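Each chain gets a letter, A, B, C and D, in the order it is written, and its residues are counted from 1.
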Amino acid sequence: MRHDPTGGQRPAYFGFQQPLAYRGPAFVPSAREPFAYRHYDKNRLVLGKSMQEQLRFAVCYWHSFGWAGTDPFGDPSFERPWHGAGEPMAQALHKADVAFDLFRLVDTPYFTFHDRDVAPEGASLAEFHTNLRRIGEVFARKMQDTGVRLLWGTANLFSHRRYMAGAATNPDPEVFSYAAAQVKNVLELTHELGGANYVLWGGREGYETLLNTDLKRELAQLGRFLQLVVEHKHKIGFKGQILIEPKPAEPTKHQYDRDVAAVFGFLREHGLEHEVKVNIEQNHALLAGQTFEHEIAMAQALGIFGSLDMNRGDELLGWDTDQFPNNLPQVALSLYEVLKGGGIGQGGLNFDAKLRRQSIDPDDLVWAHATAMDLCAQALLVAERMLQDGALQRHVQQRYAGWDGEAGRAILNGERSLEDLARDVAERGLDPRPRSAQQERLEHLVNSYL
Amino acid sequence: MRHDPTGGQRPAYFGFQQPLAYRGPAFVPSAREPFAYRHYDKNRLVLGKSMQEQLRFAVCYWHSFGWAGTDPFGDPSFERPWHGAGEPMAQALHKADVAFDLFRLVDTPYFTFHDRDVAPEGASLAEFHTNLRRIGEVFARKMQDTGVRLLWGTANLFSHRRYMAGAATNPDPEVFSYAAAQVKNVLELTHELGGANYVLWGGREGYETLLNTDLKRELAQLGRFLQLVVEHKHKIGFKGQILIEPKPAEPTKHQYDRDVAAVFGFLREHGLEHEVKVNIEQNHALLAGQTFEHEIAMAQALGIFGSLDMNRGDELLGWDTDQFPNNLPQVALSLYEVLKGGGIGQGGLNFDAKLRRQSIDPDDLVWAHATAMDLCAQALLVAERMLQDGALQRHVQQRYAGWDGEAGRAILNGERSLEDLARDVAERGLDPRPRSAQQERLEHLVNSYL
Amino acid sequence: MRHDPTGGQRPAYFGFQQPLAYRGPAFVPSAREPFAYRHYDKNRLVLGKSMQEQLRFAVCYWHSFGWAGTDPFGDPSFERPWHGAGEPMAQALHKADVAFDLFRLVDTPYFTFHDRDVAPEGASLAEFHTNLRRIGEVFARKMQDTGVRLLWGTANLFSHRRYMAGAATNPDPEVFSYAAAQVKNVLELTHELGGANYVLWGGREGYETLLNTDLKRELAQLGRFLQLVVEHKHKIGFKGQILIEPKPAEPTKHQYDRDVAAVFGFLREHGLEHEVKVNIEQNHALLAGQTFEHEIAMAQALGIFGSLDMNRGDELLGWDTDQFPNNLPQVALSLYEVLKGGGIGQGGLNFDAKLRRQSIDPDDLVWAHATAMDLCAQALLVAERMLQDGALQRHVQQRYAGWDGEAGRAILNGERSLEDLARDVAERGLDPRPRSAQQERLEHLVNSYL
Amino acid sequence: MRHDPTGGQRPAYFGFQQPLAYRGPAFVPSAREPFAYRHYDKNRLVLGKSMQEQLRFAVCYWHSFGWAGTDPFGDPSFERPWHGAGEPMAQALHKADVAFDLFRLVDTPYFTFHDRDVAPEGASLAEFHTNLRRIGEVFARKMQDTGVRLLWGTANLFSHRRYMAGAATNPDPEVFSYAAAQVKNVLELTHELGGANYVLWGGREGYETLLNTDLKRELAQLGRFLQLVVEHKHKIGFKGQILIEPKPAEPTKHQYDRDVAAVFGFLREHGLEHEVKVNIEQNHALLAGQTFEHEIAMAQALGIFGSLDMNRGDELLGWDTDQFPNNLPQVALSLYEVLKGGGIGQGGLNFDAKLRRQSIDPDDLVWAHATAMDLCAQALLVAERMLQDGALQRHVQQRYAGWDGEAGRAILNGERSLEDLARDVAERGLDPRPRSAQQERLEHLVNSYL
């Protein structure tokens, strides 16, 4: 008999009934046990922390329970029971039951949500707020029962037509106020549920055409909005991180939070570089023409690394495909950057990933999450080997060793002028010789850790 | 008989002999006069300034006189006489004669150069410097004779193999020093020649692979380098602008000066946002996934708009094609942004554009520049009409009018908290209604000015 | 009082009441007449045909009346009355009334539709068919009343979840049969309505991953499907063209009908190169990395040019934005290719273009179509000048003149072997000299016709 | 003491002296033996053939010995001795010695070349031919001595300025003849050296702008050229494959041999689909918006799969980076397609890959090739497991099983009309239900073979 999370009122949604187990690399699937973790041994220590805490996986609500399997040319394909006809709050509760059942089956420690994913919007913001508080109570109880925690919450400021021209950057200040009120609700709920972070993704904070846009005004509006959120965070005592999620475009033509470097300039301009960090997504990086590793390394260098949306895009397609990660060397290189920079901290690895529209079996949700978790765990072990071996880091240190010398330090400390340096070149007849950068050897070195 | 700029020593390079004239829109080409300006009437007043001063055209040395018509799969196609066998300084003088003859023929008020474009590098930096000073004297005389001025100078810190791993961001501090000495030379020459700007393009200031790169160190090195240049500028009393030229990649995998937003963050981090501006190129913007208009508007909004490299890329190709501009509506929209933001100022429109490799006739150089100048002039007149009519600007002002009201101002002035706004939404039962953004109508409005 | 197309039963949907008039280039908008055609003078002769017949504009049903203003991150924004609650067939009739009112207002001679755009699907294919026939009768009457004709019909084989893995290329032959039945219905309706063409767009005829795909089987299925359609066309005596619409991806990862060259190979493989032509879309060409002009010229060279979907994509975005055309030089170059190849023939210029999601006023539909029609008319006049002047064509003929000589003809006629040519090179000591390809001059020449 | 391939006349170029050995997966590098093959055990049987014969690796001459380390913004960085001043034929012999020493060190069974890579062009085609024959004799002797064979030869029809407007597609028939003579020379040399294939890459067979191009003429010229080559192949009795190498652009704006599907259509049009096959390159596929696996599978489905250029591009850069392959899962999926389709046959895996410009040590050439060979061998073993296990293939067969039934076969055999199918749908009330396509599970299955 299947496990029934609803206390007998409705059939279990998934064919999987028991939580997936760790069986080690030699596991062989069978009809009885078609899947077990080969690498994700959650209590195994990796660089002094458990795998679970190094990875801090989260399942996201929107793709897995909200999205119905549509695409720009296609109707819903999934036919989730809670998307059919029904009383909205009952549907939301049904959805929550299935969600927590998935968390249980794949054994994920965290989840993430938008307000709109979890509760019916009702006819007004007040009604939405009421629904949200009610779901919040259900969540609190389920979280207590299961030990699952909230990685982050966020407010959906992009789907409703009122936000079609932006939320913070809307030409109408009333929309700004409406968005502010909505964020206040979700920030407070996130705080109450013990969320580790609060995320802002500015999906409509940009423009469709410069012809009708006052870019300078919009940047000022966006800066003020973000300051308001930070001020309120401190007021209510929320200790989580405030995170911006960069993305260059889609749905709009241009979004201001394009990539890590752009977000950093914006934060500095508004005095927020110590208050706000970034939630980096692989697919968003790709759309911005950046590698995931680059964005992670850049955020660390600038001191604003916060968390990860762990998915993958298709390099040959120009939109956000949000696929589950599956390329071992790529994920390993990303996690190597994370570990090298000190780890994921308060952040986590949120699977902002969706099933392919044709994966219409309920169990596809289980398979997708579990296989992605196992792949990330395998990649973490590769990254651990890269760090522990240390050959890569030694190579880099030796390459820049000159800068640790007296001359190098004097330059960076501001003790040399352009004239000093020119004189030095002339007097010493400097004619520096390049050295091989050995990229092919280093790429091979990385592969040797697989 | 052809005009001979060399005083009889060598044949004229171009078939055109007389400077191209302005003949007005009704001009009809003939065998005697195959080209005349239809729109570029340099003394015509546009918004209170002469066309010449609104546009400040410059011919660039590298593409037009330095480049031999190679591509990654092709040998030189141009066979310029100064690229054949010969004594390097004599070749450089030959090149300079032809260059100033082109300036005369198309009547361009400015030119631009890298050190390496104009003078032989010789066997050492000292020798290069000597050659450069000697060419500088030739330039000074020619500039005096012709009235042509220097829009900007720059040092080539990317072609020689010593810079293969970067100049300022090189792992070897001796390369940093070498680059510093080279910049000092060119900055001083630019100053002496009365240059209006000095440009830094960080073609190698990036990386090929993160595996051998210490990104944080490199950013610090780049910041210090730029500070050194600014300090020296002030020391020698150079009044021109220091400009960074954003580009995301090519030749390297990743360049730090990716786009305007990235450069701004970098400048703020190093305290240079009031000292350094940007030289924006259409093709570089395109490679960064940005429109030219966006980059111009963003630079103006951030207060770092400096100058333009006026060319065009091919949207379907992934490299810097550096074609001459030729799409009237696109150029008009760019110049509209420039004029709306107060004009080109100390900057100019530098044709960082090259002939197609198959355009091997000397006169193709004349045609390419003259037709591009005329197109820009025509676009300027369109932009003038857009501004003078004012319909676009009125539309934008009305769209954001709410922000000029009391509530909007209070939000931006910091007089409202998140709670205030939430209370306001609740008390007034706000449910803002979106208005049409009318993009299609505005696009038609723009076309109506053509 | 507004015009009421419903005979008084419901209010007019558009603010515009009178059909838009042609007023010539000097037209100045006013509050009373905010828009009139400046260039689209439908009876003006262009190269021996009326403008109306040279352009054969069509309004498409799906974007303008079916689409509700959603995007992948956004809810409906348009709130068309026929999208609200209501009896499906009544909604469909309401939609048809508004559609024909738009045709009347902008004075478009043609329209296009998918089955699903115009009639409710009902609970079965039989019911769908019945609904479709009923709407067909309504259309027939309205077409008779207004003179508006059908440019093409098509069956939607991509939205319903049954087609999620393809229609003709589905792994399940029952889906193939279902699709065949659906096409039969629409092809016959198109025939009865006097449609000039029937279109197949293979939006799902491709794959998401090769891992679950038998590419060779799917190509065979697709070939047979197309043959079936052609066979049925002849059986029922339909004289319209059968058109394939190339697109490389979106919604799927890969679509077989990638671009004109790929479609041609497929047609030849299945013996259909004289039976089927292509309907080329600007935005699809762009997504395939091709220019619109290239696809037109290639289709003409291969003898399969059929019709155009006239829209524009955004070169910086990676999805089908389907914007209304608005760049005069680009549209002029496309129409130049069309005219040069003999004109649009039985095809037409279908505005497969949609409003921006923020253009929520009913009148935005009028503005978008009317301004696009006027732009195309203006571009047609430019293309006419290019052809009549003939300078471009003369340039091309002279460039290839060598191939019209004896030696050139002998090569192409198969009268020379590789040995013959090698001997000729040796004996004559051939060392051919390249000539300038004059691209910049030709681009200027094109601009001079604007 | 180093091995000296020159018989004592000059120092060995590489630091490596002994051919690299196979040591198995447990190999640990040391100062004495920094590299050994962990996977490339050339005589190991894989699916009934030796690894060496399954992979048929080739080193290419142009990138590894011809290219000097330039890029569009950079001077040569490599300083190969044979690129300095010197007598051209002596330099060519020096280059050949080093090339064959590299083949020996990495133990590659094949090499590939363009005429221009190996012999000086001299002052005329006759002189070039003489030089080529002389080098051919040197090659023949070295090949006999070492057992290294020729995978393919090709003529460079794109670097010299005479080919700037194309070779076969040149507007000047004399250039066509010149190219024909050049191909004749190289095809015959390839034949005499026992080459397994002859390749044509149409790097200039396309256009820069349609404005000066007669596309239809050029396609006819290209078709005739290819027929001439095939006719000559048969005349001289060459048994190798004639291969076209698709690429969409670069150096030109558009190349006719865009991708496999485009080449197939072209071959069919000219009656060459049984005479000519394709040499597919990963980076070219990428530039065409295709995956490597797709192009392989498509070529197999169309019966024109020939050989592979095994390299990798950078998905975020828009030009041909030609990097050595290094992503294990990607290479495994490509080789899985190759094996599934029957193997590489007469083709091979040619490393059309170049060092990064900063890899300036001679030994970087050894490292790059050896590590790429080992990665491909590792990937081959993964692909072997995928095939032998058979789970993927079974999944695909089951998915399409309906087409093996009577109804499916009848459709494909042409025994059903559109009417038959429509009647069948109606009578049986067909309403096919979709099944999950299980993409995530299949991706996990692939990873489980790593």
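In the analysis below, a contact is a pair of C-beta atoms (placed from the backbone, for glycine too) under 8 Å apart; a residue touches a chain by one contact, two chains touch by 3 or more.
Since this is a predicted model, take the numbers as computed values, not measurements.
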Path length in steps (a step moves to a chain that is touched) from chain B to chain C: 1
Touch-network distance, chain A to chain C, counted in steps: 1
Computed distance of Cα centres, chain D from chain B, in Å: 40
Whole-Å separation of chain centres (CA-atom averages), chain A against chain B: 37
Residue numbers of chain D (touch at least two other chains): 77, 161, 164-165, 208-209, 249, 289-291, 316, 356, 358, 360, 434-435, 437-439, 443
Touch-based graph of the chains, sorted into line, ring, star, complete or other: complete
Chain D residues within the chain B interface of the complex: 69, 71-77, 79, 158-161, 164-165, 203, 208-209, 249-251, 253, 287, 314, 316-320, 356-358, 360
Interfacial residue positions of chain B with respect to chain A in the complex: 124-126, 161-162, 164-165, 171-178, 180-181, 183-185, 208-217, 219-221, 224, 227-229, 231-232, 235, 248-249, 254, 258-259, 261-262, 264-266, 268-269, 288-291, 293-294, 297-298, 300-302, 333, 337, 392, 395-396, 399-400, 402-403, 405, 407-408, 411-412, 414, 416-419, 421-422, 424-426, 429-435, 437-439, 442-443, 446
Sites on chain D touched by chain A in the complex: 77, 286, 289-291, 315-316, 324, 326-330, 355-356, 358-361, 364, 367-368, 371, 374-375, 434-441, 443-444, 447, 450
